[in-house]
Amino acid sequence: MALPLVPKLLRAHLAELAENDARIDGRQRWEGRNLEAEISVLPRAEGSARVRMGDTIVFAGVKFQIMKPYSDRPNQGGLMCSAEIRPVAGRHWESGPPSPESIELGRVVDRGIRESGCIDVDALCIIPGEKVWQVILDLFAISDDGNLFDAFALAGIAALRSAVVPAERFEVGEDYPLNLSKTPIMCSYHKVGTRFVYDACGREELGGDERIHITLGDDDHVHSLQKGLKGIFTTKEFTEIMGHAQERSKELRKIVDSL
Amino acid sequence: MALPLVPKLLRAHLAELAENDARIDGRQRWEGRNLEAEISVLPRAEGSARVRMGDTIVFAGVKFQIMKPYSDRPNQGGLMCSAEIRPVAGRHWESGPPSPESIELGRVVDRGIRESGCIDVDALCIIPGEKVWQVILDLFAISDDGNLFDAFALAGIAALRSAVVPAERFEVGEDYPLNLSKTPIMCSYHKVGTRFVYDACGREELGGDERIHITLGDDDHVHSLQKGLKGIFTTKEFTEIMGHAQERSKELRKIVDSL
Amino acid sequence: MALPLVPKLLRAHLAELAENDARIDGRQRWEGRNLEAEISVLPRAEGSARVRMGDTIVFAGVKFQIMKPYSDRPNQGGLMCSAEIRPVAGRHWESGPPSPESIELGRVVDRGIRESGCIDVDALCIIPGEKVWQVILDLFAISDDGNLFDAFALAGIAALRSAVVPAERFEVGEDYPLNLSKTPIMCSYHKVGTRFVYDACGREELGGDERIHITLGDDDHVHSLQKGLKGIFTTKEFTEIMGHAQERSKELRKIVDSL
Amino acid sequence: MGGYGDVQMIDENGLRVDGRGPGDLREITIQTGVVPVADGSCRMTWGTNEAIVAVYGPMECHPRKIQRQDRAVLDVAYNMAPFSTTDRMRPGFNRRSREVSKVTKDALESVVLLELYPRSKIRISIEIVTAEAGTRCVGLTAASVALADAGIPMTDMVVSVASGKINDIVVCDLNKEEDNYGEADLPMGILPNSGELVFLQMDGDLSQEEFNQAWQYNIDAAQSIHRLMVDSLKGGEN
Amino acid sequence: MGGYGDVQMIDENGLRVDGRGPGDLREITIQTGVVPVADGSCRMTWGTNEAIVAVYGPMECHPRKIQRQDRAVLDVAYNMAPFSTTDRMRPGFNRRSREVSKVTKDALESVVLLELYPRSKIRISIEIVTAEAGTRCVGLTAASVALADAGIPMTDMVVSVASGKINDIVVCDLNKEEDNYGEADLPMGILPNSGELVFLQMDGDLSQEEFNQAWQYNIDAAQSIHRLMVDSLKGGEN
Amino acid sequence: MGGYGDVQMIDENGLRVDGRGPGDLREITIQTGVVPVADGSCRMTWGTNEAIVAVYGPMECHPRKIQRQDRAVLDVAYNMAPFSTTDRMRPGFNRRSREVSKVTKDALESVVLLELYPRSKIRISIEIVTAEAGTRCVGLTAASVALADAGIPMTDMVVSVASGKINDIVVCDLNKEEDNYGEADLPMGILPNSGELVFLQMDGDLSQEEFNQAWQYNIDAAQSIHRLMVDSLKGGEN
């Protein structure tokens, strides 16, 4: 991710805005961007979703493969989550092997879903010890104007909720829905100037510092945390963020559950 | 393929020659270079050929492997065609992963052979659904003075025609010849100056524009086409080229069939 | 391995020292550095050793895997020897794919051990034609102050001598020691100035020329030779080196055998 | 080309499995501006194909070794998303994608006025989000629209379309089912204003006569597609 | 996180399988100067974990594209040696190692006075020679000591430690056996002088109350580890 | 080295399976100018080995990081063609080829007058078209001839040849069948005018006495091979 020369000016501008409790796109500190989400948008995927948050647009697609289970878990299927940020999504994304940023994106979203236990891995067993389903969640960015994390996590959980196990095509029984028992939701915060804001846009990411990603389950249980980038924060700052995440995750969960 | 600084002068020179209906090596527009072809030149290959066209020299070698057939074609063997242009062949070829040029070379030659249906893939079945032969055609350049496409295609088809399936070595029966039912022939044309010429030499490739590759079967049926590089052409130009290819392919087919 | 600008001065200094029969760290021509060796230092390895020669420090670890034997040797296990020089070991070592230097290190050590026949590969058979043990010897440098070759070879043979085949963990019988029938020893010589010296330190390697590696078995039998880097040597020089290697290998073998 | 001639894909009235006549195209829609952060973009659906193309630039050209003193270079990447096909497409290097990227670049470099932007790079990212048949044609056509949307000057837009053969009958614009059993495929890249060509490939088996018919279908289809492209750039969606 | 709640890992007295109480750390030793050719180095054992860290630099920064005009960059590589785990760890690219390297770099760049060395690079190599559980915490803590050993100015050292949950009880510093059955893992990177954070990850399932307990365990443990670090730099081994 | 001592490879008269005596070479032919577009080239057959070597340069040195201010560098690539062996050799990275390339480069850099061409590169491509046994010797010897054919000044040509042991008898220049059962292999790179060495490897098991015998065979064989090399450069084929 090549860094342009402007960030210094941008940083100064953002810091000034922060002092006046303002944001570069006019939002309030805890305000998210306009959100659109729809499911079943990809005809070749067994589950899919498209999420738009401001000018950030992503797809998530679910595919299934049959694999041999791990020897220590003969009755359990698996989840693989892969984020690919191709050059289509922004001028700073380049082709080539996966960048550290895209690896982190995939792993953080993966953990939030996996650790919540929302997928019943035992229900993915076909023949114990021989064949189980591997669920593959592919996260794909179309337009990156900041906060790919939340967009991917939202699209990912929505796509999984809409997914149908293609047992007929693989000739191992009848199709059945991949029921999720929970709806983990990620909320991300970026330090811009002297304070953390929710749902940073691209310019805030470019001129900001560290970010914190929180994934909460239905009951405010914490399933995943990640602090990214250089930067220092205090326990007090974290507590404030966690408070907002508890509220916001409930709103987003309602949206996902209604799709 | 690094481009030297001379091409501008070369281009101008070639354009001037073209205006006078002349070529840089004295040939006429539709005239091919001196051709030598021999088969069975590689003792470790199950079929092989060496082709020289002017100062372009290539080898083709055929090897066989046993593989599991694709599930949707349990009775059919396969063909894999791979072109490797190593630094030995010219100062502009460099080592490393396959270049776009060599990938294109392999795929265009592959398609001409595959699409002609000259290989009886059903005859490559050993045990249906379990074991079939994979024919591997390796194209290898020794000296690149232009038009590797036609040299590879000619060496490739000659090598395949000479190939013997090594059933004894693999302990699955007796050796038998890989009979080809047809002899697809490729003819390539490069735009040099304002017109297309046949069988371009290295300097014509360097100072020329687009190229068109036509593979014709025994009965003038078209099996493969490819336009390469930047450039525009008209239906009329194409019709003229196709006319020459029909004639020239018959001459070359005679040579291959006589080896 | 990036080359700094100082070597020219260093080369001149080393050449001058050589003329006076002196070395940069005060040693005599055939004198080795202070040696420490201990085994069973890595709790997760099935055999291990740590060797320190001056400021050069290396680990060797032995792991076992079960593999299918090669079809032409259905009763024989295998040895794989891999040297990894990671950036921890010195400022001139960089991360990335294995460098030519580390490939050479692994292969030369591998050959000395393999060719001595010290490992009874028939004793590594579990089920003929189906399952055999693969012995994996990982050589890992912690600090490179020259002569990684001898340090790796010594740590490698000591680690193998201490190794126990983990049959119980793999549920194929009872654990048993990997008995070695011989103790091959490598001695390495670098041309520094006009003469070869034994056990070069980092500065001698940097300002020196070619190197010669000799692996001798219990009975002075030669098992492996390697000349590395640019440089010319005479039969007479080689004979002198071989003479020293015969003496020195006996001393080192005693140390290894006593661990 | 599969070429299983015994599956009947065209009925007694000459109609195809999806009800089209031999020279008819699948349904096509075109939208621009679909990647808000890009300089130009296009979403094209063609049958159940869906391609999204983003154009960035002209921009600084790196790596430097591909820079040209006298003109811009196009950096074209064609890619199939992992969920674009029935069997998941594994990300990463892929010979087919490399080749399609190259022929697409060659076609577009024939029309973009590269000399206007010396030493710079124009990046064109073609993502096939859902694949049916003919994705390279969809990608190339959509890339032309995205370049126009980005305001990059061209001598003409490229319209790409393929005809083929099935049950020994030449037809235009094979769909996926037809493609599985098809006996030939002739994709072309056509400049609609001059009728000239910048892209040509072909696979399969066509007699000279069949070849001429397929060629003509493509030339004709290019005109109708071109009208949709022009409309989409005028602001409407089709 | 495995989360097999039916295996009893804590006895009736609240003691863990290795005899520790809920808030107790495993045994830790720290040595400096263990890589003689490096500018600074540290060997840390923590339970049966063993990490060796070497620091080189400040040095010339290449490749140039990562160079920064106004500050130094840290080049952090975390790696697990092939013999560090029960099943051999294959050398080469590995997503987990890449991610751990990145979070470690982010944590250390928050404390190193990078502005003192514009255009230069400081290379930090973290090698896990034997792995038990919590290797990323061991690596990050040992890297702080190695940086101090190399004389690189920092605002504070980073102390990293993880708490977790097992049998529905929150405990500090999971060992390997506990980690296999653990239900949550909360590693943090703490500045012992200010109590601020530079590193934070978490996996598993913690209620808000459990979360607060785990957080507090880490804050407290950081103080004891910090004392060992300071002692090791004063020349003693602990 | 296989070392199956019970297969009888030498008869009662001391003759080998192909009728040679212990110190005899296989048949060798050498041609120059076989790659018309190269600056120098050589085709060498040795038994059923066939190597083709092309030399390009001195030329501009890139990538720049391998450039040397005071001399030329040799860029040597040894490669086995996919059809050179009974089982197809897969193209691509290969540790053995890398190592052979490196020792070949080291040997040739010892004789080429590199100082005459500062900052430049000489590229030497060694392609093994058909492999029997001893391909590294064939490649190195052929590379010397190709360098001479390209007019690159050298202090001497390198002659490379290997002796070995079979059925406990030391013999010169193992063929493929002997190599399969051989107990040792000692390839050397010899300067025929001075008798000095620039290349040396060895595998297997040789007593000091056997070692000396094998060494002497190589020294002697180098003289006969050298004569063929000189003849080929005078224009004749042998």
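Order of writing sets the labels: A, B, C, D, E and F. Residues in every chain begin at 1.
Definition applied: a residue touches a chain if its C-beta (ideal position, glycine included) is under 8 Å from a C-beta of that chain, and two chains touch if they have at least 3 such contacts.
It should be emphasised that the depicted structure is a prediction, and the values quoted were computed from it without experimental measurement.
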Listing by label each chain that touches chain B and chain D gives none
Select the interface copy of C-F from among B-F, B-D or A-D: the correct pair shares over half of its contact pairs, counted by residue number. B-D
Which chain lies the greatest distance away from chain C when centres are computed from Cα atoms alone? D
Farthest from chain B by Cα centre, which chain is it? Let me know. E
Quick one: report the Å distance separating chain C from chain E, using the average Cα coordinate of each chain. 32
Centroid from C-alpha atoms only, then distance chain A to chain E, rounded to Å. What do you get? 26
Using mean CA coordinates as chain centres, what's the gap between chain B and chain C in Å? 48
Among all residues of chain B, which ones touch two or more of the remaining chains? none
Could you say which residues in chain F touch two or more other chains, in rising order? none
Chain-level touch network, classified as line, ring, star, complete or other: ring
Output the circular ordering of the chains, read from chain B in the direction of chain F. B, F, C, E, A, D
Using the touch definition from the top, list the residues of chain A that touch chain D in their complex. 42-45, 48, 55, 57, 59, 61-63, 65, 82, 84, 86-91, 95, 97, 136, 138, 140, 142-145, 169, 202
Chain C residues touching chain F in their complex are 2, 98, 100, 103-104, 107, 111, 115-117, 210, 212, 217, 219-235, 238, 242, 246
List the residues on chain E that touch chain A in their complex, please. 1, 3, 65, 95, 98-99, 101-103, 106, 109-111, 186, 191, 195-208, 211, 215, 219
Applying the document's contact rule, which stretches of chain F touch chain B when the two form their complex? 34-38, 48, 52-54, 56-57, 59, 77, 79, 81-86, 88, 91-92, 123, 125-127, 129-131
